[in-house]
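See structure below.
A, B, C, D and E are the chain letters, set down in written order, and residue numbers restart from 1 in every chain.
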Amino acid sequence: MLSAEQWGVVALSLKIAGVAIGVTIPIAFALAYLLARGRFPGKVLVDGIVHLPLVLPPVVTGWLLLLAFAPDGPVGHVIEAVTGGTVLFRWTGAAIAAGVMALPLMVRAMRLSIESVDRRLEQAARTLGAGPGRVFRTITLPLSVPGILAGAVLGFARGLGEFGATITFVSNVPGETQTLPLAIYSKLQVPGSEHAVVQLALVSVALSLGALVVSELLARRAGRGFHVL
Amino acid sequence: RGPLVLAAASLQESMNAAADAWARHGHPRPVLSFAGSSSLARQAAAGAPADLFVSADEGWMDYLQKRGRLAPGTRATFLGNQLVLIARAGTHGSIALRKGVDLAGILGRNRLAMASYNSVPAGKYGKAALINLGIWDRVRPKVAQADNVRAALALVERGATPFGIVYATDAAASEQVRVAGIFPPSSHAPIRYPVARLKASTNPDAEGFRRFLLSKEAAAIFRRFGFTTR
Amino acid sequence: MSFDVDVERRIGNADIACRFSAEGGLTVLFGPSGAGKTSTLNMIAGLLRPDRGRIVVDGHILFDSASGIDVAVEKRRVGYVFQDPRLFPHKTVAANLLYGRRDNADTSEFDRIIDILGIGHLMERWPRTLSGGEARRVAIGRALLSDPAFLLLDEPLSSLDRPRREEIMVLIERMRDELGLPILMVTHDSEEANRLGTRTISV
Amino acid sequence: MLSAEQWGVVALSLKIAGVAIGVTIPIAFALAYLLARGRFPGKVLVDGIVHLPLVLPPVVTGWLLLLAFAPDGPVGHVIEAVTGGTVLFRWTGAAIAAGVMALPLMVRAMRLSIESVDRRLEQAARTLGAGPGRVFRTITLPLSVPGILAGAVLGFARGLGEFGATITFVSNVPGETQTLPLAIYSKLQVPGSEHAVVQLALVSVALSLGALVVSELLARRAGRGFHVL
Amino acid sequence: MSFDVDVERRIGNADIACRFSAEGGLTVLFGPSGAGKTSTLNMIAGLLRPDRGRIVVDGHILFDSASGIDVAVEKRRVGYVFQDPRLFPHKTVAANLLYGRRDNADTSEFDRIIDILGIGHLMERWPRTLSGGEARRVAIGRALLSDPAFLLLDEPLSSLDRPRREEIMVLIERMRDELGLPILMVTHDSEEANRLGTRTISV
């Protein structure tokens, strides 16, 4: 079984991935909606920027985050002025890294779903007196649920596994930023810790399987009747 | 193609210079792969077909030797280094690294950048030194671990942490940091870089380059970057 | 209680032009397949923007290219039965029926309409499990229950059997007469056209 | 502009990501189809295994690949016996790492698309005399094109950005396994190389933007008429 | 040239049972909405598996629960016009029409059918740009051109105008008489039923 310390790592990982994904879901959905439906100049640019964390090596993303959030960096400066604190070496920073890295995956999945919503249904809703806001809430959003769930699972899994950006951005601080991947990495570097590596890796696997199962159940429930499948 | 050399991250510039010199003698230029010694040792231990391994401590070389991955009789220690405390360039003051020095107090809410202290050589030396100074327990909660010594250096360069522990050669390589204190050599095991040829090596040039690294010419190059040589 | 429509629109290679003025009652829109009947209804509902023209229903200007008026779809208070049912697949039949309902609508009216349409037993079902005619009846109910100011019916009775058709026609007649709703209906059935139509317009 | 050496890195990265994705697409689609349509015990398990590379820290995936492909590892053994060579420290190994890491992203996107194919169209095709094979080729597959493209783009971007598994599995060998992320990482470790880092990072960005634009064009062409949008 | 059907199937709460035997000609399936007409056609086509029963068309056993026979859909050679058009959205009208065609089919027949359906000018169009009646006609064409051994028509003429309807009815009559195809057709139009139907079966 896991030691108390290892349970701490697990709890911290869940907190970081959970907060990261919770905060990122609405942002990702807004971006996905914009990209799926919007027509504006520079759309490809927005698309490209959203994909950046995917294509940039994680360590570079981490490095850019570090530049931005360092006490004298543009964002870090503002955060320091407003809250008096910093996200460097804090779990909040790890959550930012996880969210940023998960964002492109979430946007893609959600976008795919939004694009497959039949717009004639939205028209029908409008003839029934629903304004754009209500149409969005009652038609577009619920019909995109498969993509939102897929995006959330992908994002959560990616967040749980996030390594390169995290270690570069907020380093490896036990109890604060040492998530499962960082703990595994640390163990991997110490000869003779294969047992601990395997243990923690199995926990990672179990957590992601759990997320998968939950999402499948949610999907089944949400789509109770309406899936064509 | 030249031999494949797995080299500790702290050898970045110096090993490149040595490879260039070797190439100037008319040999194919060696191919260099840098990372923390621990990561490299893992790959070599799996039997990866590299030619030379240069570690930043004896421990990882022992690890490979125990697994029978070294070509017998090819292991040699050829470089030494110093451990220093660095601060960002442009700051002032130095810290005398004596027993009981209040490093934790100086850090305040800030952190100390180090390479991973249970695995990467630079981190292991640093931890040993802080233990020796009797301040490890108070400093440990403030440590930010990076995955090799150069990544720790980068944390100080970026201003993410005010102080870091790296080798003297790393401090010399960067214009954005300065040495704020030198760890007494007695506070940690001597910093020594062993080289060895791997059993999986097939490149005919490998042994030649290994010998070159032990030569006077190479020693001069490494000294230029701040290493001590035998 | 009137339609005053004069619209033009190009779709692909087809030029659709429709002009008519109808006072009161139910107007039947008649014409061969592909003539532009559905497109005309879409323009009146606000789903398709005319290139040029003017749409006035019951004195309210819904669209006028000259003065730049274009009332939003959801403000037009249209009760539109589409040519295909277009039920919301993620909502039960009951939720579909209530989607366009006003809060102050009276329940006896609801029950009567459900009863005439014969869909009371389908309330908890999902749209994909309905038969063709059942889906069509739910679509009619959904439009009628949204408290519309006028009705657009695109072959609403096409997949229904005679007896049911008869009852629904009575319902439509009642809405026409009692509520005084202007109705525009597409049908290919001349019997239906003659019976319901106050006038017939060919596209 | 870029130096000849840097161009070499770019070419190598494209080769590795391209080969990886080219080989992975059919595998990913087969898995996506199985997961979307299949009903078999242990489906969640397959789903979970496919997601492993996403949730495991990349370095652990790299480590597992290393164990498997090492000359005395289970896969490496076979490869050595058959080809007489090894994928360790070779570009082929880097391509394997990129493909493995990209797989879960590709499967998710493709699965989402397959699930939104209207099965009544497949029924219609069968009444017209098409057997399961032809139905798949002419109906299911083309209607899944949006997901296949999205998956391919995600996978290609992920492959281009792959770092942790690659450096752990096949190390950082210039000219052989040093892809853009590894080259950037190396530069990050050399004080005063910010210029080169920025240059290479911009190249990464340009490549992924290029992939995006190409995929958007393909999507537009493939969906010329049939997108509801 | 015959149907011999006896099937039972439970869907949701509905028990659908249909038994009839029809020699030659066109058989009209008649019944209220939700009675199980479409389900019966689906069972004959092989898209819905009966819980129990037997389906024989023209002497070929397509399904027999007793002996475990269940011929694959694509082997049944059915020409099925669904209640909804179900055109392939990613194929042009021409590609939809040719989807089920045999290689040795003769082109004059193709041209005649296209001509009667009046869809020659739609060949390059995408299904989503078709009007309701146009899509329906393409769907009829697609089924007729697949060289079927028998036809299942689910309200095929419902969204078409009279003149067109007339022409297509002539076409169907011709297939019935010249090619001797057994035809099973759902319709709610008694005039159509009387004209075309050799016999009428109520579900």
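Heads up, the rule we're going with is that a contact is a pair of C-beta atoms (placed from the backbone, for glycine too) under 8 Å apart; a residue touches a chain by one contact, two chains touch by 3 or more.
Values in this document were obtained by computation on a predicted structure and should not be read as measured data.
Asker: Count how many hops through touching chains it takes, at the least, to reach chain E starting from chain A.
Answerer: Minimal hop count between chain A and chain E: 2.
Asker: Which of the chain pairs holds the record for C-beta pairs in contact?
Answerer: Pair with the most C-beta pairs in contact: A-D.
Asker: Quick one: point me to the chain whose Cα centre is farthest from that of chain C.
Answerer: Checked the centroid distances; the maximum from chain C is B.
Asker: Measuring centre to centre with CA averages, how many angstrom lie between chain A and chain B?
Answerer: Centre-to-centre distance between chain A and chain B: 36 Å.
Asker: Centroid of chain A to centroid of chain C, CA atoms only: how many Å?
Answerer: One centre to the other, that is 45 Å.
Asker: State, to the nearest whole Å, the distance from the C-alpha centre of chain C to the C-alpha centre of chain D.
Answerer: A distance of 50 Å separates the two centres.
Asker: Could you pull out the residues of chain B that touch at least 2 other chains?
Answerer: Touching at least two other chains: 39, 42, 151, 154.
Asker: Where in chain E do residues touch two or more of the other chains?
Answerer: 84, 125, 129, in rising order.
Asker: Which positions in chain D touch two or more other chains at once?
Answerer: Correct list: 63, 120, 188, 228.
Asker: Pairwise, which chains touch?
Answerer: By the stated definition, chains touch in these pairs: A-B, A-C, A-D, B-D, C-E, D-E.
Asker: Report the residues of chain D in contact with chain A in the complex, numbered from low to high.
Answerer: Contact set of chain D toward chain A: 36, 44, 47-48, 51-52, 54-60, 63, 104-105, 108-109, 111-113, 115-116, 118-120, 146-147, 150, 153-154, 157-158, 160-164, 180-182, 184-185, 188, 197, 201, 204-205, 207-209, 212-213, 216, 227-229.
Asker: Flag every residue of chain B that touches chain D in the complex, lowest number first.
Answerer: 4, 6, 9, 12-13, 31-35, 39-40, 42-43, 46-50, 148, 150-151, 153-154, 157, 173-176, 200
Asker: Quick one: in the complex, what on chain E touches chain C?
Answerer: Interface residues on the chain E side: 11-12, 31-34, 37-39, 83-84, 118, 125, 129, 131-134, 136-137, 154-155, 158-165, 188, 190.
Asker: Inside the complex, what are the residues of chain A that reach chain C?
Answerer: 120-121, 123-131, 138-139, 142-143, 145, 223-226, 228
Asker: Where on chain A does chain B make contact in their complex?
Answerer: It is residues 63, 66-67, 70-72, 88-89, 167-168, 170-173, 185-186, 188-191 of chain A that touch chain B.
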